[in-house]
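So, here's a batch of structures to check.
One chain, subunit A, links the two complexes that follow: it is found with subunit B in the first and with subunit C in the second.
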Partner chain A sequence: MTAIGKTPPLLEVEELNVTFPTPQGAVDVVRDLGFTLEPGGSLGIVGESGSGKSMTSLAIMGLLPPRATMSGRVRLAGRELSGLTDRQLRRVRGDRIAMVFQDPLSSLNPYYTVGTQIEEAYRAHRQRVTRRQARRVAVEAMERVHIADAARRVDHYPHQFSGGMRQRVMIAMALCTEPDLLIADEPTTALDVTVQAQILRLLTEVRQETGAGLLLITHDLAVVSEMTEEVLVMRAGACVERASAERLFSDPRHPYTRALLDAVPRLDDEVGELRTVHGRGPSPAAGATEGDER
Partner chain B sequence: MARFLIARLSGVVLILLLVCLFTFGVFFVLSPDPAVQICGKNCTPELIERIRTNLGLDEPLLAQFFSFLGGLFAGRTYGVGESATHCAAPCLGYSFQSSQPVWDMIMDRLPVTATLAVGAAVLWLLAGVAGGLLGALREGTWWDRGAMVVALSGISVPNYVFALVLQYVLVVELEWLPFPGTVTFAEDPGGWFQNYLMPWIVLAFAYASVYARLTRANVIDTLSENYVRTARAKGLPRHQVIRRHALRPALTPIATVFGMDFAGLLGGALITETVFGLNGVGKMTADSISRNDQPVIMGVTLLAAFFVVVGNVVIDLLYTALDPRVRVNSA
Partner chain C sequence: MTPAVPGPQVLLTARGLVKEFSVRGQGGAFARKRVLRAVDGVDVELRAGQTLALVGESGSGKSTTARLVARLLEVTSGTVEFQGDDVTRLSGAALHRFRSEVQVVFQDPYSSLNPRHTVERIVTAPLVYQGRSVPGGARAFTRSLMERVGLNPDHSERHPAQFSGGQAQRIGIARALAVGPKVVVCDEAVSALDVSVQAQVINLLRRLQREEGYSYLFIAHDLAVVRQIAHRVAVMHQGRVVETGDRDALFASPAHDYTRALLAAVPRIRPEWEAARRARARTRETADGKRETT
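After this line comes the complex of A and B, so read on.
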């Protein structure tokens, strides 16, 4: 930001470890994960269920379940987040980093209008905002995500929206504070295929407008290939391969990445059956390299 | 909305009619002949016969039922000629024991029961929700365990035992409270309050225990909801996350239970009123049962049913305000 030196990366994650205690002993769900994201850049994290990708996003936000322990460093624009108190982290959450979750129906509170919930996000980070100002921000945010008739819809409850519209509300809620980083955790998984494309297009559009960085977590390889410049493949809590999206699809280096790409069904496929990644993906409790026999 | 109301209210009338029929059946068919009881010691067959005619007990059963219903809505006249007495509109008959109109007896005692119920309800809501919230927010700690042990004892210790222990400790040993007496609010507000304090605590304890467990379970459930995670991800302060996003959804189902419990209590708290000698509907019911005073028992049963059924409708209406998802779409 200053003339002296380089602008620090938007997000730096170093040696991130997340551990859950279980009756069988501690289980590492994320191990030694590290990556950086430049301002305005985009990174996709792909992996199977249980590979630790959602835990990574929750660890960055400081929203891990209380039982989990975390070590390592998370820096946002050069500022260390991992040592902050919950109160200090609260100022970062929703303001500098905003999150869009998987299931917009259960992620919105059914007891409040969508307007109230967007206003809450805004007022949590802006001092001396009147209700009326916050409401105007909510309507504007809804207009930005192309919800028709936003001035009226702002007073509706989540159950009165369709799935795609609810996800638009979630995105409006995330962008109303103009965050530097948007974390989208499986943002289209709960949606219809046709709606998925619209939401992805919207995310791209929002990024272009606001210049926010994007951390996209998904199991869908097609989504990352379109949405992000870089891709990180995770398995059993660890990074298996990290490459530009282009290279990853043209020249996957790691056998697991290749297996993952092969498992995507194609129309011109000559094999009649769906291919699977061999094995069920090692349990986080087992060693990281087990089950790689293929 | 109007259609919903009409449907609910006609349901209320139907249920109350069925309760009438049922209580009438139970008390007048299965119990011993009331005329013999009223007649007392120096009884002659002629006297019994006269009582039967006066009370209408010689009529066919269905006719008796309809004159009972008629008495409820239009009042009725017992006996004929000079001995005739008119019982005005909500007529529930006369007590076999005291010959007073049952309606008046109930109305005399309802304020005591209502005072008991309202005071206890305030206490148990505060204590129950606070205890449950403490348990949920400090889940697994000694706070949680402590609160739940107290709650468990509240459920398992019979409230007459608790009442006696409390009386012994507060009145006899510590002398913090005077012996229970009959003091009206107008005479001595302080004494009135002291008089009701123990009954309130005793009655509230058992309910508070149930509410604490219910609140704890509901709050723990809602805290794991995705929308609570969203609220935290938005950067809301912890107290707002808890109050607005966890407590509000967790307490909504408790409103339903509360409506039922409170309405049920208006029909009389038998044990608490009896133990503390409070002259409310509950004590009257207990006395009437021991003396087989059928019209009173029946009147109280009807009243209790009325409160529960009406309470239910009120809760249903309230629920549409509390939970936007069940709101009848009018727009």
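After this line comes the complex of A and C, so read on.
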């Protein structure tokens, strides 16, 4: 932990609001959200579908769809991001922030080798890099995420990798510019449980090596409990509770957090009647609501 | 909900199931065909009123096995015995009868329900297709079916898009129950649902089994979900069943290395946090109880 006043927080989000126009009127998908993340720290944003967790990460990255309107402030290491032009933002993204998404196959270009794509990511953010240097960085990055035989695999195409290996490639690409902040949006949701465990271990390991901060977006409470020091629970676009992981999981204060934790199926549980969350709160996509059924 | 030992009668027995698919090898249109053995000698035994879970990772053959048992796919070899018949050889009227006895609920409720049809048309379609009359008339039949699965019977004229994901899955369950089956095959039926909704649908399936005596063949990749619903569990890996057992025994002392690896990979909330949370919840409940009685 750094002394306040000396080093600004790694990430500050204040009064973030995101609104989408719909035929039925404007829908607030993120409402008055605020949080800070200290350098090297980790925060998990957890919520069900429609909670606004992914919109929050897109807003931070400046990747919201054009029809969305956003207000509020996002600061990275004291620097305001919300007013930047696309070009300035592109420099910050990837250079200081890197992102890992759920589906690596749709984030990788099938026509280029993974090596070419890692090199490109690196060269886009570093001036005067020779091809050979970039290639060395790509191989090293792939070695760092434990892809065996990296010097050969660097010339393979995305379809030649399994789902878990592709996610390793994405992490290698994210890390090659040595970012201060890694945003991982459902990074293991599409993966088998044994592969998920490997990728989560890898994320923890590279954080320890690089000191990067982590913002983890997930629907999975157990994953977040293993991965981040702090947890923020979102529902219907707003924060319902934020606390250290230990406090949140051992002493949840908000009724929604309590109900959510009750609903998680467990491996070691005596099977009783599973508790259910009553009502889903105002759904951003107006219409159906859940939860009155017995 | 303790599994009965030695247990009720066996309702359905599959022996030596094999399913091969021919796939094109690498090298484009002229490549030689390869044979992929998706299911490789699987035995399954389903008992009346109980749930057998087939659990495994992607590519393990669990869904293919379920489809063979439900005769949605033809076996390469092996037998499926149900009420004295070998299901794999049924045709005509006998196959129709089998379809009334064994129904399937799929993972994605929206894509498995016709978006242009009303609930009434969807849930009565299996009867109409089988040339059977709808007992008590379509409207009354639909209303009672909707009540059984916890849906508002006044919504029988609505279309699938007007329901939430959990409600749409209840329609899928209602459609399966419409023909009065003995066996319901749930193919990742709760996998796509949010945790709170998932708990509700699991509760619904358990209630229906308790009250109406269905047998479930429950396909899932999530071990924690399986733990909530299964009486017996078969773990699949690379087309084979590596271990079968009563739920509690299998979770408490898995015999096969793969089962152990699978269990170890499941993310979980720290036990001490869980214990603290439960202790607090119990204290709250007692306090509430006292307040109510005084």
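Descriptive notes on the structure:
Here is the rule we use: the second predicted complex is superposed on the first by the 267 of 294 C-alpha atoms of A that agree within 3 Å, B and C clash if a C-alpha of one lies under 4 Å from a C-alpha of the other, contacts with A are read in each partner's own complex, and residues count from 1 in each chain.
Please note the rule applied: contacts are C-beta pairs under 8 Å (C-beta built on N, C-alpha and C of every residue); 3 or more make two chains touch, one makes a residue touch a chain.
Computed from a predicted model, the values in this text were never measured in an experiment.
Of the two partner chains placed around the shared chain by superposition, neither subunit B nor subunit C is touched by A:T22. In the superposed model, A:E120 makes contact with subunit B only, not with subunit C. Touch criterion not met for A:S71: it reaches neither subunit B nor subunit C.
In the superposition on chain A, A:Q88 contacts neither subunit B nor subunit C. Looking at the shared chain after the overlay, A:D192 reaches subunit C, while subunit B stays out of its contact range.
In the superposed pair of complexes, A:Q208 makes contact with neither subunit B nor subunit C. In the superposition on chain A, contact is made by A:M61 with subunit B only, not with subunit C. When subunit A is checked against subunit B and against subunit C, the one touching more of its residues turns out to be C.
In the superposed model, A:T7 makes contact with neither subunit B nor subunit C. In the three-chain superposition model, subunit A touches subunit B and subunit C at no common residue. Residues 225-227, 229-238, 240, 244-245, 248-249, 252, 323-325 of subunit B touch subunit A in their complex.
Across the complex, subunit A is touched by residues 1, 57-58, 150-151, 162-167, 170, 194-200, 202-204, 206-207, 221-225, 227-228, 251, 261-274, 276-277, 280-281 of subunit C. If you check the complex, the residues on subunit A that touch subunit B are 61, 63, 86, 90-95, 98-99, 101, 103, 106-113, 120-121, 124-125, 157, 159, 170, 173.
Residue ranges on subunit A touching subunit C, taken from their complex, read 48-49, 192-194, 196-197, 200, 219-223, 225-226, 245-246, 249-252, 258-269, 271, 273-277, 280, 283, 287-291, 293-294.
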